[in-house]
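Each chain gets a letter, A, B, C, D and E, in the order it is written, and its residues are counted from 1.
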Amino acid sequence: MSETEKTAFEPKIVAYVCNWCTYLGADLAGTNRLEYPSNVRIVRLPCTGRIDFNLIIKAFEMGADMVVVSGCHPGDCHYTAGNYHARRRWTLFRDLLETMGIDLNRIHFAWISAAEGKKFAEFITEITDKARQLGPYQAYREICE
Amino acid sequence: MARIGVFICWCGENIARTVDVKRATEEVEQIPGVRFAIDYKYMCSDPGQTMVRDKIIAERLQGLVIASCSPHMHMKTFRAAAKAAGLNPYLVEMANIREHCSWVHQNREEATAKAVELIRLAVGKVIQDKPLDAIKVPLTKRALVIGAGVAGIQASLDIAEAGHEVVLVEREPSIGGKMAGLSETFPTLDCSQCILTPRMVETGQHPNIKLYTWSEIESVDGSVGNFTVTIRKKARYIDMSKCTGCGECWNKCPMSKTLNDFDYGLSKRKAIYLAFPQAVPARPVIDKNACTKLKTGKCGICAKVCAAGAINYEDQDEIVTEQVGAIVVATGYKLYSIGQEQDNEKYTGYGEYGYGKYPDVIDALQFERLSSASGPTGGEIRRPSDGAVPKSVVFIACVGSRDPAKGVSYCSKICCMYTAKHTMLYKHKVHEGTAHVFYMDIRAGGKNYDEFVRRAIEKDGAKYYRGRVSKITEENGKLIVRAADTLAGVPVTIEADMVVLASAMLPSTGATELAQKLKVGYDEYGFLSESHPKLRPVETNSAGVFICGACHGPKDIPEAVAQASAAAGKVQVMFARNELTRDPEIAKINEQNCAACYACVRTCPYNAIEKAEIRDRQGNLVKMTARVNPGLCMGCGTCVAVCPSKSADIDGFSESQIYEMIKNL
Amino acid sequence: MIEEIRQTCRTLLEAGTVNVVIAYGQSNPDGPVHPIFVTKPDDVEKIVWNKQCFANLTTYLTRKEVKSLGKAAILVKGCDARSLVVLVQESQVERSDVHVIGLACEGVGEPELAGKCRVCEVHMPVGVDVTIGSTEAAAPEGQNRYALVDEFMKKSPEERMAFWKQEFERCVRCYACRGVCPLCYCNQCIVDKNRPVVIDTSATLKGNFAWNITRAFHLAGRCVSCGECTRVCPAGIDLRMLNASLAQSAEKHFNYRAGMDPETPPVIGTYNAEDKENFIR
Amino acid sequence: MSNIYMPDLMEVVEVKQHTADVKSVKIKFKDPEKQAKFSFRVGQFGMYSLFGEGESTFNICSSSNWKDHIEFCFRKTGKVTDALWRVDEGDTIGFRGPYGNSYPMEAWEGKNLVFIGGGIAMPPIRCAIWYALENRAKYGDITIVYGARTPRDLVFTDELEKWAEYDRVRVIQCVDPGGETPEWKGEVGLIPNVLAAANVPAGNTAALVIGPPIMIKFTLPVLDRMGVLAPDIYTSLENRMKCGVGKCGRCNCGPVYVCKEGPIFTMEQLNALPADF
Amino acid sequence: MSETITQQALRALVDEWIGAGTKVAGPSYVKKDLCQYVPLTSSAELLLEGFIHPRNSVKDFFFPRHEKIYEYTLKGHEVELADMTPASTPQVIVAARPCDTAAVAILDAVFNWGEKDEFYTQRREAATIVALACVTHDSHCFCTSVGIGPDAEKGADVMLLPLDGGFEVRCLTEKGKTLFAGRTQPSDKTAVIPEGPKVKVSPEQVRAALEDYDNPLWKTATLRCLSCGACSFTCPTCHCFDIVDEGNAHGGCRAKNWDSCQLCMFTKHASGHNPRNVQGQRQRQRTQHKFRIYPDKFGEVLCTGCGNCARNCPVSLGILGTLVELCAEMPKTVGESK
């Protein structure tokens, strides 16, 4: 962010991550000093299996412009099957959101393992730029007036 | 609306460099519920923790927020500090303002703002925390060790000596692993068999060690303290109780065309064979792909000559289950297959060195077999092609290692040492021969390691060239090795009789499948991930599962044995108490509200939720419900997400905690 | 056919195999048809069967007030029978505790058939103890069950969002959709929980979006599109569109249709390692 | 144009924990002028707001003669009481009231008073006791019977001792059989039996009985034998309330809006109400 | 002699009101066969005939389903409150059914006894109600059974009665007069309103039947009720509400929301005890409140017989059926016979 007065829109991004893979991936990005934008707020959950669709809706209600959900690669889940359940749940939930006309560019799902610090940093940078282009989620803000 | 104390750590200057800690402390005191905030240079240090304890007592705190590093680092530390001050350890939350903030955002203004926001989230969560007590779980004081190489053997002996039962499972017909095939070991040139075989015998005879060879792990259920391990005992076709190991069968067996994988293909073996002379258990095994009796029904000589009548052609795989409390993984390594084709598309192999095309281009373990007394040549260094004694041998270091293009970017740590050892062995056995070594850097960091390499060069006359070998071609019986000597700045061509490649160390095949069964993490190469590189090197993120030896990463024998004892030590720490205290952050179900649709029962990966009945005092059924077994639940929370009425909840990541965090966004 | 139904119910009540028959009736001749509970054999005359028999009676099988009446017999159309399959799958109803009387149904709704009946494939109910009547009615060959969803999806996301904002503006949160749905049987619904408040109870646009998304998603892979929620909504919200889009998604991704086969495990709560997806990075 | 649902901002003065899940909280108006103007009659209740959580109904358990603060007592069971449990000195909560009717202290003048409380029912009785003791001359003998399951469940135990020191005041504490601990000095037994055994002089007596319905059910015959009839036995209904001003229909029980015409009822009025509470 | 107005003139007048910025609401087809009282943007949307009763009621405009009562902001240990001044912009309800307008008058009692609920009274004073007499009814209507009728004037400021294409205008209150001042033409014809629905029960009979609180009928009469809130929320006289806080950690609002005694959580205590745990008890409470408690306390029957509860009920239960069953058991001594 250049020194110019901060009028540019700064998106608020919520990241629901699993404690065993993506959270450690984020830690690894830290230990490797990989820089990425500071808009993301990481919420630690035991497993992607624990990430419930209401959390995504509540994040938008509380003013998030983008929601990220990430956890272990299929097969690596610390609890064996959490991410499989999550994948099935997200597949169905995305179709429901699409029918509702909720902007799917504002919800991103990823598998980021504890060894993929770089992928985490790059992923966060990429989606923050996309969030900046998309601007504030006006449609949901109006819903919440 | 609560008495919450916020402790912001400078972490030396790791945090303070980009986060304005002073301003953050002031801003944080405005968060509803925060009673006071304080910063300190080293919160996790002893004075830091003392200050935390004193503040808890002085300010009658109801909850702590420690804003410092990742909870994976110091959550245990600060929970202990809270407990010491009489505050329930689960009323502590951490805001990760180092790895997730100060280290990754350079702009001071943004980093400080984000730090305050992360603390606000943590305060939200801690307000909804509930005091929890550790769960007491009965403990099975038996350990499972997977892989019986030197590390597996050492770990088993240590645990067994401590008086606990050990179940040792080895995939090969005999224990001993890769070290059993070595000739001598650096830096002392001890004969590998002489130092290993007594340990193998001790393991074979130890009353506390239950040995399963020629067996594999099918599945692992349960959780720390109560694992249920299913083991597949592959059909051996030999009745171990009757067989005396006299050897008549493998002498008389007509089938001898199968390559002996103990000698890495340098020799042939019979269909019924003993892995190597010092094998423990010294009992043969029939290779069903080579034995004509098993394939076509003809022959059966071995049964005829067996005086003890121990041969049993109808033998079947047997599935056995064992109850254990802890698991040590010691599955060892394999060498990078240097041929063109690779089993994993991540690696691209070395067509240019002609391995597999020129018989005299061998890898390090094959050279070990050549120089081993129990090897195919009885210890004489002879070329595999024509058996002649090679006069000039080229040793190439870093084949595969430190070579991202070939798929392995790390250094395999021990090749420099064993290459120097190989030049010595070669020199001692072929006095007039010359050894040429092409290396990138000599890595000899252990005790007496560098002196060992200096002796190989100065006393035994090995010629070391700093440079890579570009190509090996065969011209009239000689292997032309073209390379460059970067120190002299000149190309080098050597006509060699034999080439030995010091190839990279990879985890042994099947390591990732085993890791998935044990729910242990692994890196991109398949080496198992330790819980923390410096603080918890032999533990994994899966409670009760420990790792040691090469399965964790390339390492030499002294280090593997040291890690084995460390892992055994951790197991003994666990078994020191009669019951296991387990992390109470597990699920529980509001049984009045549960509609008994059992979505959670279907979902639970640990089958920790069962169908239960609620009856009134007269015994008639009031309602059905789902009920969590605290011993089995690992706290993944999937049941909470699939429960429509949210009757299921999980302590530590409960609905109210997570929603309170989001409300603080 | 009505005589056969009444006779069947009379014998059941007289023989004492069931204590109550959950059927359709009319309290006054020109009034609407609604569920009735027949406990005395002579009252079977009150049972009616015509194009106005919309209600899905299986919703009463999980109500404590009805369960206290004892063993029940129930009239089911094809769609109702499917919701019974889901109820049995989710251990809410012991199949042996209910005597299920299947009615051959050519579709309900006068003058024109209800939407669900035009695409119905279960005119003859399956998994019933006895079937009364028969019909040749069958779904037109190769018809797209989810035509209304595909039509709706042709709109742009902004148009779709505008449509739902306009629909949910009218939702008063009376929970008739929850009351009438046989698969909404929780003792305390998630919307009634206040620790934490997952869904705002206020009938604001925010609360209505959260409520309708949650209700629809709780029926993912479970709704058998009996269409009752849409019929009873006092605000006339097109709820069936949400459930149909989820049913389409469950069929497209996991080849799963709710309530068709008691053996296949439900779609939520089970997984398949080879599930395909193209949106996870 | 007053918004009848708008609470006044109160500052928490003191928080006292009585049992594992019962606390009492002293609050005073942030606006000192409102504190001075505020008055109520013992027995009335108020609606206490935890902003962000909701409102709850608790009896004002301090005496109406104490002008510098008001006090209420609660048990940690629901959403608002969960948040109230974390409240601390200096925090801000909301209060509106006083609502409901009050004890007929004037009508009780000259009578002997019997206060009977069970479990957490002591707070609604405490305000009446303090008021009576502060106008000691106006009232006859005062008997206080207060019981709970175990000694740990007793509330305002320090004040129980203080009351015993007043003249012609008799305090009987009891715990349920099986709940007593070695150092328990008081009676052991269920409240109705303890009351019967205490043979309190009958005649010209008014009784205030608050506690679980089952306790009230068995206490009434004992009072009857003591000659205290239904019109002289008062109790306070513990209904669920929302608005407190007779609009929202929540507390409606039979023909009565408990928040406006209660919560204090005589047993006579209570018997006329359907069992809908 | 009577004052009349043609339909076009009335529509023009409505457009004038809208133009003047008054909020005008009336029955309109929001969707295919869904008629509701909704705010109007032009008089073309206004329905003046061809409907029996909109699915909702006019109470939406006086006692909305969600209303902020004040906002709070949390700052550290301090809290700031911001009062929400109730909307008092003038509004006109056009073509409201007599059973709706009567309901509004009935509600005045409860919203003003003891403390005055300004949110309700402000809107009430700022509003003018133009009623439209009924010419038809359906099987659910029973206004005549509760003392109301197709042309009852209770609660209306102006009564419109259909008269050959136009309407007879009877201004009943000052507000009504000012609204229609100079817009009506004298005529010698007066509108004749057809008979309302047959009287099915009488409030006195019901009041007597409700005396027996433990009538076993409550266990069977309403078995098919699905405990949703459709009857209460579309009923013009149901006025129970819930008060909740909504917001995030920085602040939020306290709001009044519609609530229904039919929903099982209505009387559930935090301890889990629920005095009305069985659906029959909840139905009894609704009938008692309407036909016994409210009349005893405020002298008005809390029901205007509009039939919305039966029309919107998923199982067409409503309240009429229960009343008829209750009275069927009563001896014929009370009130005129059915």
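Quick note on the criterion: contacts are C-beta pairs under 8 Å (C-beta built on N, C-alpha and C of every residue); 3 or more make two chains touch, one makes a residue touch a chain.
For clarity, every value in this text was computed on a predicted model and none was experimentally measured.
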item	value
Partner chains shared by subunit C and subunit D (touch criterion as defined above)	B, E
Chain labels contacting subunit B and also subunit E	C, D
Chain of greatest Cα-centre distance to subunit B	E
Pair of chains joined by more contacts [C-beta pairs], B-C or A-C	A-C
Central chain (distance from its CA mean to the mean of all protein CA atoms)	A
Mean-CA-position distance for subunit D and subunit B (Å)	65
Separation of subunit A from subunit B, taking each centre as the mean of its C-alpha atoms, in whole Å	31
Euclidean distance of C-alpha centroids - subunit D vs subunit E, Å	39
In subunit D, residues with contacts to at least two other chains	54, 78-79, 91
Per-residue multi-chain contacts in subunit C, two or more chains	188, 190, 195, 197-198, 268-269
Two or more partner chains touched - positions in subunit A	58, 62, 75, 81, 85, 89
Interchain contacts, given as pairs of chains that touch	A-B, A-C, B-C, B-D, B-E, C-D, C-E, D-E
Subunit E residues within the subunit D interface of the complex	69-70, 72, 74, 77-79, 81, 83-85, 110-111, 113-119, 122, 213-214, 239-245, 247, 249, 252, 254, 256, 259, 261, 266-271, 275-276, 281, 285, 288-289, 292-293, 296-297
Partner subunit C, residues of subunit E touching it in the complex	30-31, 34, 36, 55-56, 65-66, 139-140, 220, 223-224, 226-230, 232-234, 242, 244, 246, 255, 257-258, 260, 263, 265, 278-280, 312, 314-317, 321
In the complex with subunit B, residue positions of subunit C that touch it	90-92, 185-190, 193, 195-198, 218, 265-266, 268-270
List of subunit A residues in touch with subunit C within their complex	53-54, 57-58, 61, 74-75, 81, 84-85, 87-103, 108-111, 123, 139, 142-145
Sites on subunit B touched by subunit E in the complex	29-32, 34, 120, 124, 592, 660, 663-665
